[in-house]
Structures are given as structure tokens and as C-alpha cells.
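We call the chains A, B and C, going by the order they appear; numbering starts again at 1 in every chain.
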Amino acid sequence: MQQLVAYTVIGLTTGAIYALASSGLVVTYVTSGVFNIAHGAIGMIAAFSYWQVRFDWGWPAPIALVAILGILCPTLGLAIDRVALRGLAQATEVTRLTATVALMAAFIGTAAWIWPPENRQPFRGFFDGNNVNIFGVNVGWNKIIALIAAIIVALGLRVLLYGTRLGIQMRAVVDDRNLAELNGARPSRIASASWALGASLAGLAGILLAAEVQLNIVPLTLLVINAYAAAIFGRLKSLPLTFIGAMALGLTEAYLLWGQGESWFPKTVSGFSTSGLRQATPTIFLFILLLLLPQAKLRAGAARLRERSVIPQWNTAILGAVVLVVSSIAVTGMLTRSNTIYLVQALIMALAVVSLVPLTGYAGLVSLAPLTFAGIGAVLMSKMPGDGNVLSLIAVVAIVALIGALIALPALRLEGIYLALATGAFALLVSILVFNQGKIFSNGVAEVPPLRIPGVDLSQPRPKAIFLSIAFAIVGLGLVALRRSSLGRRLVAMKDSPLAGATLGMNLVRTKVLAFAISAAIASLAGALDAGKVAPDNYVFDRSLPILLLAIVGGIGSIGGAFFGGMLLGSNAVLASIVPSLSKVTQVMPGLIGLSMGRNPNGASHQVATAFRPVTQHPQSLVIALGGVGALWLLTFLDIISNWGFFAALVVWGLGIVPNLPALANTTGRPRMLCLSIAAAGIGLASFFDDVFDAAPTGGRLLAVIILFVAVGNAIRRVHTPAKPTNKSSPDLVGLVAFTAEELSKSDRDIKVVL
Amino acid sequence: MTASRNVILELRNVSASYDAISVLHDVNITVHGGEVVALLGPNGAGKSTVLKIASALLRPTQGSIRVANHDLTGAPASELARLGVCTIPEGRGIFPNLSVYENLQMAVKKGLTISVIEERAFARFPMLAERRSQLAGTLSGGQQQMLSLARGLATDPVLLMLDEMSMGLAPLVVADLYEQVQTIAAEGVSVLVVEQFARTVLGIADTAVLMSHGRVRFAGNASEVDEATLSGAYLGTQETLN
Amino acid sequence: MTALLEVRSVAVRFGGVMALSGVNLDVQEGTITGLIGPNGAGKTTLFNVICGIRQPTSGVILFDDKEINRIPTQKRSSLGIGRTFQRLELFTTLSVFDNVLVAAELAGVDNPHEVAKEQLLLLGLSNLASTIAGELPTGSARLLEVARALAGHPRLLLLDEPASGLDDAETQQLAQLLRRLKSLSITVLLVEHDMSLIMSVCDQIHVLNLGSVIASGTTDQIQHNPDVIDAYLGAAR
């Protein structure tokens, strides 16, 4: 009995923290229309900052709280809204979701950079050491505060959202920004307010949580999964249900904890260990909830998209494939062995990224599990008889496609964000419950045999790289064929309007299952072709997020964009290898790249093409651009700047300055000049003074990071130049033009028109 | 003309474009106090674009917008709304995930409480009263249009701009609406109406502006518009094409 | 003449509201039948029931003398039921041509490209074939919905306010098209608030009010029916 009470209290207080986190999530979703994957990361940043001011700098708790929850978090929320999301107001839910994935990546990277694990000290909760006795159980103040805060917040939010004009305006802005403006509301202020509020709630949950689980970047960030589960219980709408869901989740966890300590609890079930079960509770909870959600109704109202789906042309596709294969042969001839291995990894990533093209790009279904399918592919390949036989590869691909289809079946009932989360839950479940089993990865590794092709040794990096680029080319061409086929059109049609599709005879179930199967099959290649020793860590859920991110950054639906995205992912490792300390910057990179999406939801491939077109048409700029690259290379060659400096400078030069050269030549845009110099200075600072930077105190590092963010953010913001309107006349009067004058006069005679 | 001749809205030499396609060329439109102006023209002529410019949802590439003799070019749409410019956009002018009641609450502004708005809205469209707590997105097409119009008719605007207000409404309702527009105008509200039913609108308008291909082809007294001018504006476009 | 579509005592309830209560009506093969009535009368709801997007609370739908209540939405199109939507449901990121092509392919016609081309020509949309559907002006978008519904060669075409947002010229063109459909013996059920269009093309009209049929008859009978004038037409326009 005593234990029941004890575990119930634990459960309720943990539930309270989940409730705080999840109501923040729901509020952000309801008031901004964005499902904020970075919610946990914001909480994590808040917890670290709180630790910084409270325990490292020794501020009193109330002041620290005000500083973090009242100033830092709202500012952060504001910045997120302004920098990352404003440009995406008209974009699809998927794109906005991905922008928050980018934020998450950026925050995780930033925290690791500012607060390296070495200098962390314990995090203590409020009134640490003082306990209250409830029904004979000692409960820490931190827990009690959490419970009280959760209740107050839940009630307050309900009043705010449904009882106040501000709340109604917030929801109205999500529904229709322009119309809200016509009603006199100020959408940008309102959106900022909702992000500030959401960030503060995330911060509160983060601080309370940190006292329970200590400062740890990834666990704190991913604990948001629990919040997802509770938020889904409230259907991302209802705050009371969310609260109940959070409590139920907290209790389930607590009782499982209790059970696992008892002797009757099975340690294994048919050979599989149950130790991961508690860790997996929220995920299982989430998965079950999602499956219990009522079948998504066919809803009317196709959104007008800013994202375009461009139909790939055969000639460019074939050209691209040939260039890829030829250049991989040429490049691998020059690279060192270790650099070739990096190229191999980048190509593997590219395959994983491209697996999202048919699924997310064409069919508009989001998957947070591409690497899970790759992992299943790798595991199956390692267990297949035949030791790298081509037939076993085919079997593996077929099996994974089937698994993909099976996963799709239950997920079919879901739409948009719910579907995305279901795939995320699946990914987490597989990595916690399956990949962590000794049976699957013995001693934490599996040996994927290289494919056996007569006369080629695919265990060597160079042939492997060439082989992978051929594989990518084939997959790419296959996807071009798919997009141009009737099935491809059907996938896009389903994305645009499932309702219309169904009334025209489309079997939505079959179409979705096909999309998942195709995507899973491609992803499985990324695992099955990755010969060598692989660890379950390669395929964890949080690694799938950057994959989705870069797929969208590259331009979802574009195969070239996917390749670009894979290369970017792979290049991180290269950068990190050149200068090890650079790894900190590379952690932030995907995030920063993702944030640039706010400027162009059509993706980077489109953006880069648009950005460089003026350069190629402006000879002076072209000369200056190439000259700049030459000069940088020379500086490196003469050892005036380090390799690291070369890379950083090249990025700033190539992506930040070169696209602006024609504009700079033509305008007197002083602000543009200014911001570019700041950007250059910011990255330069971080790059050249790397060693100094590492030695600097936390405050100094913080300052440098802020400068870098502001600088890069500014550069990204200003780089985009809107196209000048041309004087093309508006489209014709369709009806009249298409009919001959004779037909018209005939119709005049037999119809009495109102006119 | 019963009302004073003070200028409420003036678009001067306005040109506008969507991305790279320019759709309005040097448009001049003036609306005086208490005047009903009918903006007519075939689909694609740019009527809705004119309304977007006039409500500041779209910035003109050239020219200026003046409201009551203040230059408001570049001001946010919310500011115009606060000044009393009420625009009922074409199509779905409602918040689908808000209830009918909450939709009306969005129209609350200084000096006007929700109870007054509700009272007026439900008096004009009794059908909405029964659906007060229904989500607006699940209303029938016509009911949604009524809800959208209720905002304009219940909030004492200075200038009311109606884009295709009769779209999806039953004939009885439309006839009634035209009467209400006239009543409102008689109370001193200026009205800019865009409609497909040219004849009917001309019946209640003081001034007519005919557009095609992004240009104003005729602007003048509504009673001067005869069949020939009308079909000239509608069909004449074909000549300019050929 | 036989009834292609028979609606038998169909009722639909949304929570406490009866959107349809005991609706009975027939649509004769080869005719253009109008379905009119005040806002919120239940016209769109009836369309949704006919094409399977919503299950009726009670009642049956007979198509070609067979009950189709249990047939899922996507199979009804292969029976020959096509429709357009009051609120446009185009495939906004596909081109105009691909919109129609997808429909033709889904219907499994022999030469979808030819069929798509034909439909675009029929609706005067051929010069817009490569435009992205999401960027069409209202009028053309409405016509594209019709073209797309026609690509599957339906026997029964349900049109939900196809003329709303069309200008006079476009409405004329639509009227002309409707007559052409009739000569191709495609049956049309037409919901519309534009009375001049309804009266000029319909053979038969059903009037819904508050979820029940209050009158059925020819254009003449309907125009002079006092109940209809009271509930819907007003002083006839």
C-alpha cells in the first residue's frame, strides 16, 4: 500500500511535468499551426541557461527564473518566429514541421557547444533537500511545484485560448492570416506572442524536468516525446484531455518502474529483454493512441501550396546520372582512402534522403523513420544466407518494402502530423525494443556483407563509392520514371486532394501503401549496401530527423536536391575530420541550413539555382567569384589560413557573397554590404579563433555563438532578392477565346443571359 | 447623390503584380462618402486584386492608396481595418476552425460589443443563430457566405468592400442583401461592390467602374452605363486581344 | 425513360441537426435535373451521400436499380458517378492537363491522353493545359473541375454550383456545355443558385427545403409553385 501511494505520487508529479510540456506544445500548435518538434530542445536550452545563471553564476532562484522564463525564453520564441517561421506562413505543415526539426538540431548543437559535458555540475531543484510528507511518502518540493504549476497552467491556458479575445485571435491567425488582418488583428504580433508563450512553457517544463533527470542534452530534448504522446491524447486541441493523458503517462511509467523492481516481472519475453520497456512506454502509448484515433475523415479544402512539384525531364535526369557516375569515378581516383570512406557515407546518406522523395515529395506523407528502414535493411542483409548474394539483396529490399507497407496500413488512418508522429513512434520503438536486443546486434554490431559482384571488390572504398553512385543514379532515374508515370501523378494528386481522388476512383489505401513500400525499399538500400560493421546507433530515431530535414532543404520532390542534402550530411563528417574541433560547428550546421528554408520553401536546390542564375549571366561577378575561390585556395596553400578557415571562408564566400555580387554591383544597398560583412566576420571569428574560442569562458562562448547566429541569420534574411515584376499581360479570357465567334453568337441566340 | 462628396477611398495610378505577372495597370478609383460604387468586369479583369490593394493585403508596385485623404500606401491591412475599412473577401471569408460565435467575436472593435454584433448578425441571418456554436467550416457554403457578410453588415464600417457577395446565396437572400446594402449606404457608409450580376448591381449603384485586363475602361455615373458600354467592357476585351 | 438514380427516404443527422430527413427523388436517365433550395437545405449533403463521402443515417440510394449504400466512394466512380465540388478540390500542384489525365487514368479509359485532350477542348481549357491548376482564375478552375469529372465518362454527373464565381460569358459557355452533355446522353444533377441557368437548361427540378423535397416538376411548374417562391425564389428574378 505504502508503495502504491509512493509510486502514485511519483507518477502524478512526473505526469505534471509532462502536462506542462505538452500543454506548451498544444498551445503552440493551436496558436501558430506549427507542430514544434523543437519544443523539448527549447526546454533543454532553458534548463541549461537556468543552470548557468542559478548554479554557475549563483543568481538567486527568483531572479534566475524571471531571467530565463520571462526574458530568455520569450526572446527565443520571438526569434524562432521571426527568423525561422515567418517566411513559411503559407507553406505546408510538413515544411513548417521540418523547420522546427532544423531548430532542434541547431539547439542541440548549440548546447553541446556552449556547455561541454566536462563543465557540468549537478542541477538542483527548487528548495532542494526539503521534502513534504504526503500520505507517508516524502515528496520533493520540485515535484510539488511541478504539480501546482501544471494545474495553474492548464486552467490558465484554457481561459486564454477559449475565453479571451487574444486567444481567439491566435486561433484565427492560424486559420487564415489574411482574413484575421482584415478583421483588424495584427498577425505578426499575435504569432510572436504565441511563440513567446510556447517557449516559456517549454522552458518551465525543461527546468522542472532537469531537476529530476539532470542536465543531459539528448534525453532532455527527447523527453518531449512524452509530451507528444499526451498532446496527441488531447488531439492537439483539448487541454483537459492533454492533462489527463500526461497524468496517465506519468502513472504508467511509475507503475512500470515499480513492476520492474519486483521479482514477478518477466525479464525477457521469448528471448527479448523487457528492460527497454519503461523507456519505451511513452512511445508505445503514443503509438497506441495514434492507432485509436478515429479514421481521418475526407476533409474538403485543399490548401494552396507554395511548394511546387516540378516534373523532372528525362534529358536532365540522364545527364545528371552520367555526370554523377563519371565524376565519382574521377573524384575517387584523387581522394585518399579515408576521404573516400567519407564519400561512401555521404552517398549512403543521399540514398536515405532520396527515399523520402516519393513518399514526402510526391505523396505528401511525412516519415520520421527513413533510417529505421535502412537499419532493418542492414540487419536483414547481415542475417541473410548467401553472404552478399545479389539475390539476397533483392530479397531484403522486397522484405523491407513489405514491412513498409505493413507499417503504412495502420498509419493510413492518419493524416499529416499524426502520420508523421506515428512513423516517429515506430522508429523509436524499433530502436529501443528491437535494435537494442543482443539477438539482433550481437555485442552491439552487425556485419553487413558486401554485395558480391564478379570482378569487383565492394569491400574496398573506391569501388564501393562508384557502385553506390551508380546505385543512386539508377534509383534517381527510377524515381524520374515514377514521377512521370501514372502512379506518380496519382501520388501527387493524393497529396493535393484525397477527397477528389477518392471520388475519381482512387484507392487511397493502396496508393499510400505503395508510396510507403517504395520509400522503404529505397531506404533499405541505404542499409543493405552499407557493407561493413554497423551499430544500432547508426539507425536511431534522432538521426532520421536530419534526413527529413535535408530532404526538405534540398527541395523535397527533387532528386538532385536529395543528393545535395545527402552530401551536406556527409560533408559534416569530412569537415569534422579536417579539424576535430570543428565538429561543434558541424553539429549546428544542419540546423542553420534548415533555417534558411524559411526564405524558400521550395528548397535549396531551387534556391541555389535561382541565386546563382544572375551570377552566371553577369561576367564581372563570375570572374570575381572564381577569383575569390582562387585567392582563398592560395591563402590556404601558403598556410596563411588553416584548412578549417578555408572551408568556412569558402562557405561564406560561395553561398553568402557570390549570389549577391550582381545585386551588389547594381544597387547601392549599403545595408546588404553591412550584413554580409557581419556574416563574414561572424563566421571568420568562429573559424580563425577556434583555439581561443575553446579556452574562452562560457560567457565568451555564448557571445560568439550569438554573434554567429545573428550574423548568419541576417545574411540568410537579406540574401534573398525578390524578382522584379515583368510586364507580362494577364491571362486571356479563357472562355471567350476558346470558342469561335460563330459559336458565341449561336449561344447568344439560344440563351437568355442575365447581361 | 444623397451624401457628402468627401473622398473616402482613392486609388491613384495603381499598378500591381503577383510575383512576376503584372495584373493591374494604372488604375484610378475614387469612392465618396455614402456612395455605392459597382466594380464590374469579366473574370480575371483584376477586380479582386483592386480590393486586395484597397484593403492593403497586397502592396501596389506603383501608385498610392488614400483613405479619407491620408496616404496609407504600405500600411498594414490591420490598420485599415481599424480605421473602419471592412473588406469581405471573395470565397471563404470565415475562420473554419472557429465557431460561429468566435467568428463574430473576431469582428469586435472599439465601441462595439459582441452582443451588439451578434444581435445584428442574427437579425440579418436568422439561420446563423441556430448554429451559434457550430464550427464555421462545417456550415453549408451559403451559410459560410452569410457569416462572412455578417461582419460587414454588423460592424458600422466607414467603407464596405464586398467581393462577389452573392456567391453561393439563394436568390431570396441576394435580393434582400441588395436592399440592405442600399440601406447601409443611405446611412452614410460608402460601399464598393464587385459582382457578376452586372445588371442587378447597376440598379443599386451610384457610380460604375468597368474593368478588363487590369485596366479601367469606364468610370462614371451608373445610370450612364448602357448595354453597349457593358458588353463593350466585357466583350471588347476580345478585340484588344485579336 | 427510366430513373438512373433513385434516392429513397434518405436521412442524415449531424448531432442534433437533421440535414436531410426522408428525401425521395428520382433522376431520369438522359436529363438535366436541377436540385435547388435555400442555403443549408441539404443539397451538398445529398451529393456527399450519393457519392459515398458520407453514410446516410437511414435510407437507400439506388443507382441503375442497384442499391449502392455499401459501395465505397472510390468504386462508385467506376459505376459511373462523377462530381464536382462547391469548394474547389483541384489537384493544385498538378498542371491542368495532368488534372484531367489523372482522372482519365483512374477511370481506366483506353487512351487517357486522348481523353484528357478531348475534355480540355470541350471545356475550352486547351490553351491553359500547362498552367498549374492552383494558379487558375476562378472561372477556369470551375470548368476544370467539370472537365476532370467528365474524363471518367460518367453516366451521372453531379455538379455542385458549377456557375458560382463564373462571369456571364463563362456561364453561357457552361450552359452550352450542359446541353452538349445531354446530347451525349450524360445525365446531370445540377445544384445551382443562378436561376437563369437552371431555368434555361433543366428538364426537371427538385426543390429541397430544410432537408425535405418540397416540390418536383418542370421549370414552369417550379417557377410558379407558391411554396418554392416563398421558400427560395422570392419575387422571381
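FYI, a residue touches a chain if its C-beta (ideal position, glycine included) is under 8 Å from a C-beta of that chain, and two chains touch if they have at least 3 such contacts.
Bear in mind that the values here come from a model prediction, so they are computed numbers and not experimental data.
Colleague: Report which interface contains more C-beta contacts, comparing A-B against A-C.
Modeller: A-C
Colleague: Which one of the chains is closest to the middle, using the mean of its C-alpha atoms?
Modeller: Of all chains shown, the one whose C-alpha centroid lies nearest the global centroid is A.
Colleague: So how far apart, in whole Å, are chain B and chain C when each is placed at the average of its C-alpha atoms?
Modeller: So the centroids are 29 Å from each other.
Colleague: Using mean C-alpha positions as chain centres, tell me how far chain A is from chain C in Å, no decimals.
Modeller: Centres of chain A and chain C (C-alpha means) sit 43 Å apart.
Colleague: Listing for chain C: what residues touch at least two other chains?
Modeller: Residues 87, 137, 139, 168-170 of chain C touch two or more partner chains.
Colleague: So which bits of chain A are touching at least two other chains?
Modeller: Residues 301, 731-734, 736-737, 754-755 of chain A touch two or more partner chains.
Colleague: Could you list the positions in chain B whose residues touch two or more of the other chains?
Modeller: Touching at least two other chains: 42-44, 92, 198, 200, 234-235.
Colleague: Could you please specify the touching residues of chain C with respect to chain B in the complex?
Modeller: Chain C residues touching chain B: 14, 37-41, 44-45, 86-87, 137-139, 161, 164-170, 193, 195, 231-237.
Colleague: Enumerate the contact residues on chain B facing chain A in the complex.
Modeller: 17, 19-23, 42-44, 46, 55, 57, 61, 76-78, 81-82, 86-87, 89, 92-98, 102, 105-109, 137, 151, 197-200, 213-214, 227, 230-231, 234-235, 237-238, 241
Colleague: In the complex of these two chains, what residues of chain A are touching chain B?
Modeller: 165, 168-169, 171-172, 174-176, 178-187, 301, 723-734, 736-737, 754-755
Colleague: Which residues of chain B touch chain C once you look at their complex with the stated criterion?
Modeller: Those residues of chain B that touch chain C are 42-44, 90-92, 127, 138-143, 145-146, 164, 167-176, 196, 198, 200, 234-235.
Colleague: Okay, in this complex, where on chain A does chain C touch?
Modeller: 298, 300-305, 307-309, 486, 489-490, 492-493, 495-497, 499-508, 731-739, 743-744, 747-748, 751-755
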